[in-house]
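Here the chain labels run A, B and C in written order, and each chain numbers its own residues starting at 1.
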Amino acid sequence: MTSAKKSVPPRAEKLVFDVNPVLNERPTHYCPGCHHGIAHRLVSEALHELGVADRTILVASVGCAAFTYDYFNVDSVEAPHGRACAVATGVRRARPGAVVFTYQGDGDMAAIGTAESLHAANRGEKITAVFINNTVYGMTGGQMAPTTLLGQKTTTSRRGRDFDNEGGPIRLTEIMAQLQGVAYAARCALDSVKHVKEAKKAVRRAFDAQIAGLGFGFVELLSSCPTNWHMDPVAANRHIAEEMIPVFPLGVFRDVMKEKGNA
Amino acid sequence: MTAGQSDRILVKGNEAIAYGAVDAGLKCYFGYPITPQNEIPEMLSVLLPEAGGVFVQAESEVGAVNMLLGAGACGVPAMTSSSSCGISLMQEGISFLAGSHVPGVIVNMARGGPGLGDLGPSQGDYFQAVKGGGHGDHRNLVLAPATAQECYDFMFKAFALAFAYRNPVMVLGDAVVAQIKEPVQRVPPAGAVKAEHLQFLVRDQRIEGYGARGKTAAPRLLKSVYLAEGELAERNRLLQRKYADMRKEVLFECEDVDDAELIVVAFGSIGRTARGAVRRLRGENRKVGLFRPVTLYPFPDEALQKLAPGRRFLVMEQNIGQMMEDVRLAVNGVSPVHWHGVMPGLFVSANELVEPILRVLGGQSGSN
Amino acid sequence: MPEYRDVIIAGFGGQGVMLIGNLLAQAGMERGLNVTFIPVYGAEMRGGTANCTVVLDSLPIASPLVRDPLSTIVLNEPSLTKFQPRLRRDGVQIVNASLVARELVDTAIRTVYIPVNDVAHKIGNVKLSNMVALGAWLRATAALPLKTVQDALGRVVSAHYAKLLPVNAAALEAGYNFA
C-alpha cells in the first residue's frame, strides 16, 4: 500500500490539496479533462473520512472505469460487463461486515446491466453504486449510450440521437428513487467547484446509507468526456451545465435518512 | 434388510442436492426458478437460513452466477443451480469464475433442448459442461450423479474440488436424476472435507477487506483481464497447468468389464438405466460390461485406453452424439466405438436399451 | 432370492396418484427394500394423465423407469388406454371400475376391477379412492404387508392432515379386503 506520505509545500505556500491514503499516486490512464479522476477522489475521501477503507471491497465494472482498482487501495474484484451490482450482492451477502461499492459507467449500469442494477437496488442490497454518466461509451470509442442526449452525435448515431429510432436518454436516478430498497439516490455534476462540493456530500451520503444498513445508496455523477465529445475540457464543462443538466436535473431524489429525521 | 428405516430418508435428487450442499458447508445460494430443478431453491430457501446461510432469489441466471462470482471471490462456499437454458445464460459468469480462479458450484439439472426444448431428461449439455461452455480456454470440473445418494454425496466432492482448485465445478444431472425419489443416507461421505476447512483453503486468495490481514496489508485483486503483452499467455499457461493437475481427480465405475467383449459406456441417468440392461444380458451369459464415467471432466480416458485392446465399446447417451467423441478420442482407433443415442426428452427404460446392445453384439453398428 | 416389483400408477391430476406412489416407496424403504419413485410429467401431462413409476427391489435398482410394467394401477380411462397395452401379459392391473368401462378391459390380463370411488364414498370420502386402489394392489401383488403401508402413512401425509390418518388406513384396508 502506498502510504499517506505528505507532500511538503514550498516555503510560504499554503497546502490546499493533498492526497488521501485510500487513493494511490499512480498516474491514471484517463484522458485529459476527464472527470473520472474527480469522481475517484470524492469516493476515496468518503471512504477515508468514514475510516472504512480496510474493510471496503470495490467491484469494478467494464468501460473506462475498468481499471478503477489500480488507483484505490482496497480489496477489489472485477465483474463482467453490467454485472457489478450482482457481484456486489454476492460480496456483501458473503461478507456482511464489508463496505461494498460499485463504480459503473452509463453503458455498464443503464444498458447491459439495467436488470442487475435495478434488482440489487430493489432488494435493498447494502451497497453503494457510483454511476458515471457522460452520455457516451468512452472506452470502446464514442458509441451511443443509453444516456446519450437527443441530437447528440456519436459513432453509432452519426446524425444525432433520434428519438424515433433510438429512444431518449434514461434518467436512472429518478427510476432508482422509486424503488423501496433504495435508501439514497442523488444526481450531481462535476462541472464546477460548487457542484463538486455537492457531489462530495452526496457520495458520502450514499455510503452513510449503506453503513447504516438502510439499503442501497446511489449517486449519479454527470461527468465529462472531452475526447469523445470532441471538445476541450472547458467547453466540456460548459456542455454539462448547458446541455446535460437541463435533461438530467440535479438533486437528491430520495434520502431515507432525512425522512427518518436522522439527517 | 439392506438398511434400517431410521437412517434413510426418501427424497428427490433435487432435495438430496440441497441437503448435501448444506451439510457440505454451503453459505450462500443464488438462483432463478426453472423446471426441473425447483426443489433445490425451494428447499434451500428454508434450510440455508436455518443453517446461518444466505438465500437470494436472483433476477435472472445472469444475476445469479455473478452473485456466485462475488461470494466465491470472498472465499465463501456458494452455489447456484439451474437447467439448460439458464445454464446457457450463466456461461459468461462461469468463464469469469475460471479466469479469475474463483471457486463456485453450479448444478445443472438438464432438460431437453435446443431452445426451450422440453422438461424431460437430456444429456444434451454434455459438450457445454465438459468443454468449458463459456468463452475462452477454460474448463469446469464436471461430476455426473446417477442416484439421489450420489446427488447428496457429490455436493461434498463438488465443494472440495471447487476450493482445492479455485475453479467452477458443475454437477450435471437431468430430469430423471432431479425428480427420482430414492432412499438417501444423510451422512457425510467418508473422507469429506470439513466445511470450515474449505474457507481455509483459499485464505490467501480471497477478498475480505485488507484490514483482515493487518492495517498495512497490500490490497488484493481478483480479475481475469490481462492486457499487457504476454501477460494473458502466462495466465493461460497457469490455467492449463491447473487443468493438468485436475487429471488426478478422475472417477469412474466399472461393472463386469474384465471378461466383456462389449463395454457399454454411459453416464448419469442413462448410466444406471444401461446397467439394468447390462445386468439382464449378463443373466443370459452375454459378455457385456458397463463403464460409467463419474467425472466427465477430467474424462477417464486412460482407463478406457487400458480396456480397449480386444474389446469393443458402445456409447449410450441421451443426446445426438457427444460423449461418443471423447470415447473415440480415448480409444484412438484401437477398437471400434459404436453409439446408441436416446433422443432428449424421452423417458427410457432398461428394456429399451437391451435391443441396441444385442444388435452391436451381433455385429451390427449402433443407431439412435 | 431377489425380489423385484414395479408398478405404474396413473390417473387424472388430483386423484392422488403421486401420493400413493410416495406412500408405496416410503413403505418399501421402511421395509428395508431399495425403492425408486419417479413422476412422469411434461408432454404426457397434456394427455390427461398424471403418472408415476415405483420400483421395489431387494437389490440396488438400476433403472427407475419401466416401459413394460409388471403391474399398474389405473384410475381413469385414458390411463387404461395408455398403459394396458404395455402391461406385461403375466402382470396384474388394478382398474377403477367407477370410471373405466368394463368392455375396455383386456380379459386376457389378470385384472382387479374395483369401484374405488364407490368404496371410498362408503368410507366417507371419495378422495380416499387412491388408497382403496393401493390396498387392492397390495392384496393382488403381496408386495408388502398392509400394515407396513398403513404405518408409513404418517411419514407421507402432511402433519396438517394427521387427523385423517385412521380413515386413510381404513381405505387401504377396504381395498385390500375387496377382492
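FYI, contacts are C-beta pairs under 8 Å (C-beta built on N, C-alpha and C of every residue); 3 or more make two chains touch, one makes a residue touch a chain.
Remember, it's a predicted structure, so these values are computed and weren't measured experimentally.
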item: Central subunit by CA centre of mass proxy; value: B
item: Dominant chain pairing [most C-beta pairs in contact]; value: A-B
item: Most distant chain from chain B by Cα centroid; value: A
item: Separation of chain A from chain C, taking each centre as the mean of its C-alpha atoms, in whole Å; value: 63
item: Cα-centroid distance, chain B relative to chain C, in whole angstrom; value: 34
item: Chain A and chain B: spacing of chain centres that average the CA atoms, whole Å; value: 40
item: Residues of chain C whose C-beta touches two or more other chains; value: none
item: Chain C-touching residues of chain B, taken from the complex the two chains share; value: 1-5, 8, 10, 118-120, 175-176, 179-183, 272-277, 279, 345, 347-352
item: Complex contact set, residues of chain A against chain B; value: 1, 53-57, 59-60, 66, 69, 72-80, 83, 86-95, 97-99, 115-116, 118-119, 123
item: Chain B-facing residues of chain C, complex; value: 22, 25-26, 29-43, 58, 61-68, 155
item: Of chain B, residues touching chain A in the complex; value: 27-28, 30, 54, 56, 58-60, 62-64, 66-74, 76, 78, 92-93, 96, 100, 207-212, 215-225
